[in-house]
Amino acid sequence: MKPVGYFEGESMTRRRVFTLAGGALGGLAGAGIILPALGFAVAPIFDQPEEDWQPVGPLDDFVPETYVPRVITIVQGIGEAGKTTVYVRRGSTDLGEDPDSYVAISTRCAHLGCPVRFVQAAGNFICPCHGGVYGFQGEVIGGPPVRPLDRFQTRVTDDLVEIGPRYSVTSQLEPVRARDPGEFTGGVWEYLYPPRPSTAAPPSS
Amino acid sequence: MNNREKEQYLREYEVMKKKGKPFFPYAVMKDSVMACVVVGVIIFMSLYLGAEQGPKADPTTTTYVPRPEWYFFFLFELLRVIKPPELVPIATIGVPTIAMVLLLLLPFYDRNPERNPLKRPIASIAGIMTIIAMAFLTFLGANAGSPTDIEIDVAPEYEAGKLVAAQSGCLACHQFGENGNNGPGPKLTEIGARLNPAAIARSLEIGPGIMPSYATMAEDEPEKFRDLVAFLASLNGEEEASTGEVGVAGSGSVESSGGNPAVVEPDAGSSADGAGATTDSGATP
Amino acid sequence: MRRPPKPGHSNGNGDAPAALENGDAPSPVTDNPGKRLTTGAKDAPADLVGWVDERMGATSFLTAMLMRKVPKGTNWFYTLGSATLFAFVVQAITGVFLAMYYTPSPVEAYASITHLTNDVFLGEFVRGMHKWGASVMVILVFVHMARTFFFGAYKYPRELNWVIGVVLLILTMVMGFTGYLLPFDQRSYWATIVGVNINGTGPIVGPYLSDFLRAGPEFGATTLSRFYAIHMLLVPGAIIAMIGAHLYLVVKMGTTAPPWMRADLKPKDARREPVEAIADGSANGASENGNAS
């Protein structure tokens, strides 16, 4: 049985060498283009975040009973597009929190990232997209969100409240590394939605 | 299809092709007419509907209500109707992936050699059902009201209360007409037909079940609270709520605790049947 | 052993130049250029078409493509595919001109669209054509697919073309999704946030995929240019390649006949059914390409 394209006097060894060498060299040339391009596109996944703390106001601005909205910058250098709103309040002893601590809740819905809003009258956070509802501490009380609202680390420096990196919480409000919306936290989910190198370490609780 | 069926098809196709006309210019003419229609429609839409810019992207907003382009409405509605958090990955990734795989592999599991849509009822019905389901989801998605706005028509004296209801987060858990979430709370489109104003006021103050209490509002802003109760009491499922009588009774009896505890939360067990609630509007005040 | 006729091998055109893939079809122009030159070279080419054809030999290709026969009974439903192609061409052309004014940076994108829409001559019209052309194209893709489904046109021997068509559907949706962010208004921004997070809900790889799409853990400086590159270079390239394959298969396999039309095979034909092929059961008739003969 002669292969397709056989011609008179063709040596099969020579043909095989040429087939292999042609394939290998072509593959090498292709890899030489594809691999650097792919690495270039994928690199941002492994960028380490810089820890950035921003003051949002004096201690007296914040009370335990309600949230105050504050705008912070989470991505530098892109103007308005790099900002986000956080809801800040002082720790509440009624809820078993340290009265000298501050709680900063992210406005990104934990379902798919729509902008949630704190409704004073109901004491709830409400998402306008798919119907997520969160309680006063950001815990899920209705709708499809997969985990409580994310939080930002807080600290006090020179009588100013400062906001740091974002982190996610489990349904028991234990801090874990920041996840994207739509990703579960806690238990076996920590392996199904692994933490990414591009996120900051969570605060030790 | 086995070899015999394949050959049968090819032979039949050959015969039909021989009887046909050449692609150029006969089919080309039809294609050109269609191209004119397409470009005409696009130009008409561009001129008539324009290309207005929305407000600039603002990641700090807490009041914007995001809605997708119309051709993603079916997915948007799918995400809205699938409520249990455990099922979220199924709605976001699972259903679209399965649908795409089924679509991609269609010729490999549909081995029926018959091509006439009337002679392969299962495939045709499945296709029609898929189209209806997509159209229905798109329709629901397009009509999904915002949770910060109530679009029911009410008499002018209830407009203030309507505004209070829209801004107080009621829509997060309750549906008013087309607006708001269907659950966890019951639909309120005809709450006025089921509860008297005193019972409504009591429910708001107590906050039955997981509902938050609005007692602070009753104390701090009694005006707003009265408007809210009057608005809720006026809702009887009809577009133009009856005026007068109910409103007076509502504002008069806010402080009385006449509500029977049994009727404070009439629909607690059936909070999911929002669709049914629209149809049984036989009760009149 | 007698084999079933090869799909697409004969285009039903009698003695017209044979199917596309046979470069060796008997054709007075390409078959023997040397011979033609000896007889034709002394005359200067009579016209431009003749001059080009003498060097390209495109006549046989064009004849096979344009003069192929379309089965009797094909109707307006069969124009949906070409209408979709035309909508894509509208998108490509308007897109090129929009790109001349657009700046893919989160700081300037919105202002560049405002400038394009309000100040540039016909700006709003061209942007409107691109915006509504997208909707028209999505509708046409779906209607074209529905037609193919209900007419059973995805069945043998056109399975591969259905698969390519579904890939084109997915690519069209990707175009819709990536194009959405570019105007950088509220709807664009939040729809993109939600869309990227939807990708992120895929277990294990999802979180990395959304980092890849955003070029970082948050919407950042290069997210917009990433979407821009995908929208106007990567996916259109893939779509053009796929449309090429799609059309090649349409020409090779021929347009389907409407499913309610049946040809009366003569009894003589029916008697000549190759019994061996059935008993043999091997699918060699389907697996070979049209080169044998």
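We call the chains A, B and C, going by the order they appear; numbering starts again at 1 in every chain.
By our rule, a residue touches a chain if its C-beta (ideal position, glycine included) is under 8 Å from a C-beta of that chain, and two chains touch if they have at least 3 such contacts.
Note that the coordinates shown come from a computational prediction; the quantities given were computed from them, not determined experimentally.
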Among line, ring, star, complete and other, the chain contact graph is complete
With centres defined as the mean of Cα atoms, the chain at greatest distance from subunit A is chain C
Of all chains shown, the one whose Cα mean is least distant from the combined Cα mean is B
Per the C-alpha centroid definition, the whole-Å distance linking subunit B and subunit C comes out as 35
CA centroids of subunit A and subunit B: separation to the nearest Å works out as 29
Shared-interface residues of subunit B (touching two or more other chains) are 56-59, 61, 64, 66, 88-89, 92
Among all residues of subunit C, those touching at least two other chains are 106, 184, 189-190, 194, 198, 201, 203, 206, 219
Where subunit A touches two or more other chains at once, the residues are 81-82, 112, 114-115, 129, 182
So, in the complex, the side of subunit A touching subunit B is made of residues 69, 71, 80-85, 107, 111-112, 114-119, 121-124, 126-131, 133, 140-147, 182, 184
In the complex, the residues of subunit B that touch subunit A are 56-66, 76, 79-80, 82-85, 87-89, 91-92, 146-148, 167-173, 181-184, 210, 212, 214, 216-217
Listed in rising order, the residues of subunit A that touch subunit C in the complex are 41-42, 44-45, 47, 49, 74-75, 77-79, 81-82, 108, 112-115, 129, 178-183, 192-196, 198-199
Within the complex, subunit B is touched by subunit C residues 4-5, 7, 10-13, 65-74, 76, 78-80, 82-83, 86-87, 90, 106, 110, 113-114, 117, 124-125, 127-129, 131-133, 135-136, 138, 140, 146, 149-159, 162-163, 166-167, 169-170, 173, 176-177, 180, 183-191, 194, 198, 201-203, 206, 219, 254-257, 259-265, 269, 273-274, 277-278, 280-283, 285-286
Per the touch rule above, subunit B residues touching subunit C in the complex are 1-24, 26-28, 30-31, 33-35, 37-39, 41-43, 45-47, 49-59, 61, 64, 66-72, 88-89, 92-93, 100, 103-104, 106-108, 110, 112-118, 120, 123-124, 127, 131
